[in-house]
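The structures come next, written out as structure tokens.
Okay, so chain A shows up in both of these, paired with chain B first and chain C after.
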Partner chain A sequence: MRFVAKYEQMSTLQDTTNEVLTLAATHFKVPREQLTQDDDFFKKLGINSLQALDLLTRIEQHFHIELPDYELQGVSDFRTLAERIQSRL
Partner chain B sequence: MLDLRQYNSLGDALRAALETWPDEICLIEADRERENLRLTYRQFKQAALPLARAMQDAGLVSGTRAAILMTNQSKWLISAYAIFFGGGVLVPLDYKLTAAEQIKLLQHSKPEFLVVEYHLWRALTQAEDFGQIQSRIVLVTEVPKGAELAGAKRWEEFVSTQESTFVPRERKEPACIVYSSGTGGRPKGCVLTHENYLEQCRAVAPVFPFLPGARYLSNIPTNHAIDFMGGFVMPFTGGGTVVHLRTLRPEYIREAFTRYNITYMAVVPLILKNLQHGLRERFAGLPPLKRRLLNTLIAANATLTRRRPNLKISRILLKDVHQAFGGGLRALLVGGAFTEPATIKFFYDLGIPIYNGYGATEACTAITLNDLKPPCTETVGRAVQGMEMRTINPNAEGVGQIAVRSKTVMSHYLDDEDMTAQTIVDGWLMTGDLGRIDGAGHLQLVGRMKNMIVTEEGKNIYPEDVETYFERLAVKEFCVFAANYLWPERSMVGEQLILVVHPESGQTITPEVISGIAERNRRLANYKRISGYLVWDRDFPLTASMKIKRVELAEQISKSVERSAVLSL
Partner chain C sequence: MKTFQGKTLSWNWTDGTIELVLDRAPCNEIGSATLPELEKLAEALPELQRESHALIISSARKEGFCAGADLRELYRESQPLAAAERAARLREFLERIHQVMNTIDSAPLTTIAAIQGIAFGGGFELALACDLIVADKTARFCFPELRLGLIPGFGGIPRLKRDLGNALVRDLLLTGRSINASKAQAVGLVSQVVAEGDALRIARSTAAQLKKFDPETAKAAKNFIKPIPFDELRREIDIFCELFERPTVEAGLRKFTESTDPLPYLP
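Up next is the complex of A and B:
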């Protein structure tokens, strides 16, 4: 049972990461296949801190959650961002 | 506005403000569209004094250092007042730094108290050097139920019902230690006195008068000198109101203008450009006829206000634009970095005065401000009241290092006599910036004598910090410089860093070396990246301990090659 629960959790995080990558690709008009979960989104997308906050708003709308600005503090890769989202789903 | 000549310390002046306007609103805190809190000056005092007493019981006495590490919010200001009331010295720290960088500054400033938001405390506890934090008392705000506090106390529970004791301080005694840089190398902790702040407030008040009813939207981090003055000391000593949003998202900032009828806001150039972009998009979406009418009105407003702003006329001519900003906006202050004249002009033509200026933490914020009489967007304005300003060793064009003398110049750098002696010479603060002062007293900045750049977000970037990313590059030696430091330009917009590489004898710069540079560059945050590289064929001048003599190398480069020799990546 414990194994199944853990597997489900891992699977969900992967789903969330994929959705975040798709949202970022659409929002900033870059091909989805160019983005990977370990990418630094500031560097890969060439965006500034305000544009990153824009992405956060887009993510909130998609997942129907509220992400305080500080959840982006010190976060620059898609995977960690997805983890922060996951903990609020 | 209180007559600040009567007071000896920030605690003294703020205490008088709380007594002068007990029923006026001093603070509004909103979280997006939800209003969390609204405090009168009386309620602010009632919130701060029990904290001050508890801090005094825990050892806060005259001169005790207490750090605040928080985003812009009500508890920042309540804590700061409690510290000043108890005679403490405030160390405001930048919440945008990494936990490792924050720990470095805590190690340097050694505060006995640390007031910190939960999410920032959590990051500190997870940092490798967490054990280096020596603060005796850590107060954490907004801790979730059941969260592990690693020995800290909950801010909300740290109160005492006993009466607190006001501790007077002298004008020349330290009020704050503010870090202007040094997270990568030598920390620069500016020791600013009570006099510095009180005089800075007096110097800027004629341009931004705060009266009861005036509302300031706090946006730049409060640890930064601009918001500490504009979003705390100035509105409080004038009976005004500070509005905190708990978010920096542009959509909520735009909404706040109308919801809270904002009077003033200070922004960094990046935010100003974002507001400009939003307005341009709205204008572009107008039907052609309306757009033509708008352009005519903008042109008429620009003509009628060419000598000085006239809000009455502008609010009539461009009513819709002003309504979008709440209808009560009197001015935007832009600072923290250089702003493009075209952006300032865009807003000015709409009748929204943009006061650009130039300042330094070492001078307790503003050195110059554009008084807009008349607007002179190519410059950063005239010296503020009480500020003497001159150029050192000006060249034929009048360009030299800017030096200033004023009661607002800091006392010294914390624990660094050498750097203090280099920076304050015979009472004059050497800014390290190059400029020219015109006949009307306007300052035009043209470059830097110090090797650094400032981004549009107001971030100071030091080449020494960037250099570490290029370690093990396959060349003999390398060094990073700010291009404006080597070849001062007339503009300080879009400043760039460049990498100087010296190949081994007989080595050519192959595509592999270039891709090695590019690969390392990609690891840097986008605003810290170098824009190009310069191949240098001579040995770098070195000290006895084999460190690069940067000043000497910079002189050699700027004398021998033009900026056009820099190759793009």
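Up next is the complex of A and C:
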């Protein structure tokens, strides 16, 4: 656990953004190179509200965090999403 | 009636286990179509449970276990009614769904909710009526009712309070946030977290384990440890009906029904 915590502390926002992009690309089967940090993930991934919750679940599992869904209100781009995650690491 | 095939759900009895499967698009919203079929199960249970040791409730919808009450129908059907008629119909609906939940809650066999995806509002409440919750990794639990100016109306808060600490109940109720399966297990709500797509398989495995025990002993153990909070359930119906009459609720329901927000499920 200490190693995980140490790694998480060292993660930069760019690291987190890249991990989110890879996670989303893998889960929703979109080529990673087609996703950028400024993309609207609803539009780019073609997901609805339930799929967005599914993405939230996978983010929580991947980063070992709790991210209350109200923090996602108004968030639609990967970079802002990564910022919300980063603040929980 | 060992098998039933309805428009919103079905059940099948096999070797002492009743498997109830919810299957109504988009995500098993509970309204005027589902309620009578749940009542059929409640009517059939006294006979079924004589030769059963377990009831498993699951969903055939990939979207999730159950998104709760059918809010669009509630809004659509309550709009043309005068206040008194609207209040009477709402109370009747709540009395009926409470009767179903109480029947499941107090059934002498062991009840297991197998959850994938969302268990929101009434879906969460249905799971809470069960004895055990098996959740796969995609499961999320939430009481988003406050966004509508309401409290949960299918018995959720008294049952959640029965099972968990009051601080967590307040957190879930007052923030309306959803929690994932791991968190739900950590707080004692979920008994087993399993791989994606495995909730029903593990629920069946659990049901098979239950069969090893004397049913009268299991019944006595359940009666001892799982009291039904009837007074609070009754009070919940009253509070829900009082709140429902406020303009805030109509506005909340309209906003939800007409929403183009990409996250209408969130508070």
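The rule is simple: the second predicted complex is superposed on the first by the 78 of 89 C-alpha atoms of A that agree within 3 Å, B and C clash if a C-alpha of one lies under 4 Å from a C-alpha of the other, contacts with A are read in each partner's own complex, and residues count from 1 in each chain.
Just so it is clear, a contact is a pair of C-beta atoms (placed from the backbone, for glycine too) under 8 Å apart; a residue touches a chain by one contact, two chains touch by 3 or more.
Keep in mind the model is a prediction, meaning the values are calculated, not measured.
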Which superposed partner A:F42 touches (first chain B, second chain C, both, neither): both
Partner chain in contact with A:Q61 - chain B first, chain C second, else both or neither: second
Partner chain(s) touched by A:E19 [first = chain B, second = chain C, both, neither]: neither
Touching partner for A:E83 - first (chain B), second (chain C), both, neither: neither
Contacts of A:Y70 with chain B and chain C, given as first, second, both or neither: both
Touching partner for A:A52 - first (chain B), second (chain C), both, neither: second
Chain B and chain C contact sites that coincide on chain A, given as residue numbers: 42, 48-50, 53-54, 56-57, 68-70, 73, 76
Of all residues in chain A, those that touch chain C in their complex: 42, 48-50, 52-54, 56-57, 60-61, 66, 68-70, 72-73, 76
Chain C residues touching chain A - in the complex, by the definition given at the top: 27, 63-64, 117-118, 137-140, 142, 175-183, 261-267
Residues of chain A defined as touching chain B within the complex: 40, 42-43, 46-50, 53-54, 56-57, 68-71, 73-74, 76
Interfacial residue positions of chain B with respect to chain A in the complex: 71, 95-96, 98-99, 117, 119-120, 123, 246-251, 270-271, 274, 456-457, 522, 524-527
